[in-house]
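Once you've had a glance at the structure underneath, I'll fire off some questions.
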Amino acid sequence: MAVEVILPRVDMDMATGKISKWHHKDGDKVAKGAALFEIETDKAAMEIDAPADGILRNIIVTEGSSAPVGSAVAWIYAEGEAVTVPAPAAKPVAASTARAEVPSVAPPSASSPVANGEAPRATPLARRLARQAGLSIASIAGSGPRGRITAADVRSAGEAKPLPPPAPAISSDGVQKLYAPGSFDVIPVDGMRRTIAARLTESKQTVPHFYLSVTCTLTTLMATRERLNASAPKGEDGKPLWKLSINDFIIKAMGAALQKVPAANVTWAGDAILQHRSSDVGVAVAVEGGLFTPVIRHVEGKTLTAISAEMKELASKARARKLVPSEYQGGTTAISNLGMYGIEQFTAIINPPQATILAVGAALERFVPVNGQPVLASQMVCTLSCDHRAIDGAVGAELLHAFRQLIEEPLLMLA
Amino acid sequence: MSVRELTYAQAIQEALAQAMDADPSVFLMGEDIGVYGGAFQVTGDLVHRYGEDRVMDAPISELGQAGVAVGAALAGCRPVLEFQFSDFATLAMEQIVNQAAKLRFMLGGKVNVPLVMRFPAGSGTGAAAQHSQSLDAWLAHVPGLKVIQPSTPADVKGMLLAAIDDPDPVMVFEHKLLYKMKGEVPEEPYRIPIGKAHVAREGRDVTVVATSIMVHKSLEAAATLASEGIDVEVIDLRTLRPIDTATIIDSVKKTSRLACVYEGVKTLGIGAEISARIAESEAFDYLDAPILRLGGAESPIPYNPELEKAAVPQVPGIIEGLRNLVRGRM
Amino acid sequence: MNAVGKIKPNARPFYQKYTASQLKDALRKMYLIRRFEEGAEEAYMRGLIHGTMHLSIGQEGSAVGATMALRNTDYITSTHRGHGHCIGKGADPKLMFAEFFGKEEGYCRGRGGSMHIADVSTGNLGANGIVGGGLPIAVGAALAIKKQKRDDVAMCFFGDGASNEGAFHEALNMASVWKLPVVFVCENNKYGMSVSTERSMAVANVADRAAAYAMPGVIVDGNAIADVEEAIAEAIARARRGEGPTLVECKTYRTRGHSRSDRNRYRTKEEIEEWKARDPIPHFEAELMAHGLATAAEVTAIRESAEAEIAAGIEFARLGTDPNPSEVTRDVYSNEAA
């Protein structure tokens, strides 16, 4: 019997996925475990492996098309096996306009097998509500025993993430009319852009932000960095094994500061505040068309060189859109550094459920008074955004104070 | 219509008296129901008012009595047979199951068997394994019988009068602990239809289908849970055959949760039937939690009082079960 | 030479109290029973009906002798071997055949079958498939008669096997305690299926058990219709007088097996042949002719007319209406909504 190739769920709140590339075409011989196609989800692109050895047939979701999680996209036949006509591709269930008190026909494939092959657990009511709301049950996180999805989960999913996406107050047509025809190019909003738009709108509208700024003098840090880089051993290719950036110091300092002020190492969980043991620092990485925030975990236990190496790898994966969810989900704080663009200072929007984000400006030479005399020093302005639901002003100030101490005297990071 | 407070036992006695007043074909039979007044004093002094011909003490012959009731019903009487304990139904199963239930059907609908059998049932009296059972579901398994379990004095009077009127054999299960329960009972004769459940308490969060004494235990649990913000709807099933499925479906569509609370042994009990009916019905799509059954233990009823309590659902267990159900912990 | 229809002055009461036409009608009923059962057996063997049957061939003397003295308003309760009682009480064989064939026209609309054929309109309260099942029911019917102050009786047919059931003892005791108008008619055909009365009963006769319940216990030759009728008539009269129940034991024999599955391993060919020689029908014919109440030609005519009626009954049944499977639950309750 032919093996179904499904569009797997690779992300917690993923409802549909777009196939961005097929590595094989109809009739190709494929090997189990080899990359078969790539999907683009709301957050990332992922390579999906072939589930079986055989001949790829009946590709029903072509490059550039989307399908609901769990639906078949193609089949792999054993060599010599008769190929049958595939069933029509499953269509995302549209929100039903008819009131269906008693479904008189079988519901359209409500239980979608997920990536691990197990159907999601959901109560009959949850399934019915999801059907009526046009939500894929597989896209909803269950709060019940053994992850069972209940009606409450569907209702909150419907509120948090209404599908189809909320009708924009501004329509593309309406906006286009404001400008002369031909004077612009239309860039479609892709999954990542839509996610950024939704999450940051939600954050700015629902999270009570407040901002704390501090100026850090970098004289000692610059010298330390120079000495450390100068003493880096050379690899076989003759290049130094490390080249620490100011950003690496900032990541390390933020991780250490959170350990000193544990009350700030928190995330907001609605009916609870989670105070985290490790400092998991997200770092915003700009990519074409958007940004990712991969997370460096357990910063407090990592050396500067380890942080530096990990950051380089994560940044390059982000730019290649190869991050997996486990590399960008979670995080107890985040850093956004626009210093390389010469930005002196700015404020950043918190990425919930995180409660803080540090906006780092450029390191600039300034004359500062030292014992009444102007002295030239390198300084940068850092602005901490705090979620007031989880962190009060004094706690935020303590964190920022600890951070500045570590930046201005990096040896303390060793203490 | 004047209303007084009567015990459950008095309400039965009043129904029996009013039925005998209205219809000379009605008579009572049973063990020690005459001058003794019945093991639970249900018939009381009826023998003095209606005579030994209509309030008949019978030999200790449950099978024989049941057959006599069948024969008398076939020949134009309306016998009301009292079993001293429902457990003794086992002695009379042949006549109840093979004869009373089937004669109408076997004879092509050409006869009726208008008899009533009353069964004092249930645990809580320290009478141990052979005098405390709840065998209602046994009889409810038999097409041809009707099975009722009135839970209040007012219900037992109205349902017993309806049972005596009924052209088919009606089995009445009376929980022994209810006999002394008091409640308001209208004085005039009235009928409460067989086959109709009663919403004893309205609620939004969970539907409890309870029978007999478990209705009261469930109401008590509901009162406690109300203080926790859990709003329990309690349905008194009243009739095990025919089951009023529609009332339960309507309730479950409203609450999305179902629990069945009954004293009979849990396995293959009335709760299994209610659960299955909901699972088969349109209400299935409204369920937001698994269905909970709270029934009797898989054991005979023990003698020791603590063990006896442990063998059937009690209020704290009902509270806990419903709380877990509503709070999404099962 | 006696003219047909005249009774010898020294004849026993049975031949004096019935007219010749009543007695010939009794013979015809015996033939109807015999031919009904032979026809049923043949229909079974031809595959026209399904289900088993219990034939009473050889027992027609007790069936007709016991029911002769009953009124239409009297009740009987019958047994799994009950075709004879049913015909004896006045049922129409063609409607019995329709039931046998499972047709809507049958007495039980095809729901009862061989074991439950009963004509309620003639006071038959049911042929019971449970050994002993009818005993307390007859007592209950008699109780109703007493309460209703009627002088009818309830006649309860049962076999030797049933007298070993608890229901027998409970029923006899209650009937006697309450002095109810019941006539207990035991058709002792020597075997409870395969087990003989010698191996299953602690007393020699079922009638001996009457003593325990303070009622008369009478033993008669069940194959002699006159013996049966006379004993029963006395029991009925006693019951109608309000003096309580009587147990009449008719010693008889079924020449066929217990049911269709019987291979007669528990009795000898000789025993069966011996009882066949005592067939109640030729015995009654001989007495009728000896008393000058019927001629040989009349007897032949009676037999042929019974045979014709049975043949017509089978034809009627074959052409009957099959029940509608969608009505399987009909008549479970009086109120169909239940």
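Letters A, B and C name the chains as they come in the text, with residue numbers starting at 1 for each one.
Operating definition for what follows: a residue touches a chain if its C-beta (ideal position, glycine included) is under 8 Å from a C-beta of that chain, and two chains touch if they have at least 3 such contacts.
The shown structure was predicted, so the numbers you read here are calculated from the model rather than taken from an experiment.
K.L.:
Determine which of the two chain pairs, A-B or B-C, is joined by the larger number of C-beta pairs in contact.
P.N.:
B-C
K.L.:
Farthest from chain A in C-alpha centre terms, which chain would that be?
P.N.:
Measuring from the centre of chain A, the most distant chain centre belongs to C.
K.L.:
From the mean C-alpha coordinate of chain A to that of chain C, what's the distance rounded to whole Å?
P.N.:
Chain centres of chain A and chain C, defined by C-alpha means, are spaced 91 Å apart.
K.L.:
Find the geometric centre of each of chain A and chain B from their Cα atoms only, then give the gap between the two centres in Å, rounded to an integer.
P.N.:
Centres of chain A and chain B (C-alpha means) sit 61 Å apart.
K.L.:
Need the CA-centroid distance for the pair chain B / chain C, whole Å please.
P.N.:
It comes to 41 Å between the two C-alpha centres.
K.L.:
Which of the residues in chain C end up touching chain B in this complex?
P.N.:
75, 77, 106-112, 116, 118, 120-121, 125-126, 128-130, 133, 135-145, 147-148, 154, 166-167, 170-171, 173-174, 177, 329-335, 337-338
K.L.:
Report the residues of chain A in contact with chain B in the complex, numbered from low to high.
P.N.:
Residue list for chain A touching chain B: 101-103, 123-128, 143-145, 148, 150-152.
K.L.:
Report the residues of chain B in contact with chain C in the complex, numbered from low to high.
P.N.:
Touch residues, chain B against chain C: 25, 27, 53, 58-59, 61, 63-77, 79, 94-95, 98-99, 103-112, 143-144, 146, 166-168, 194-195, 242.
K.L.:
Spell out the part of chain B that touches chain A in their complex, as residue ranges.
P.N.:
256, 282, 284-289, 328-330
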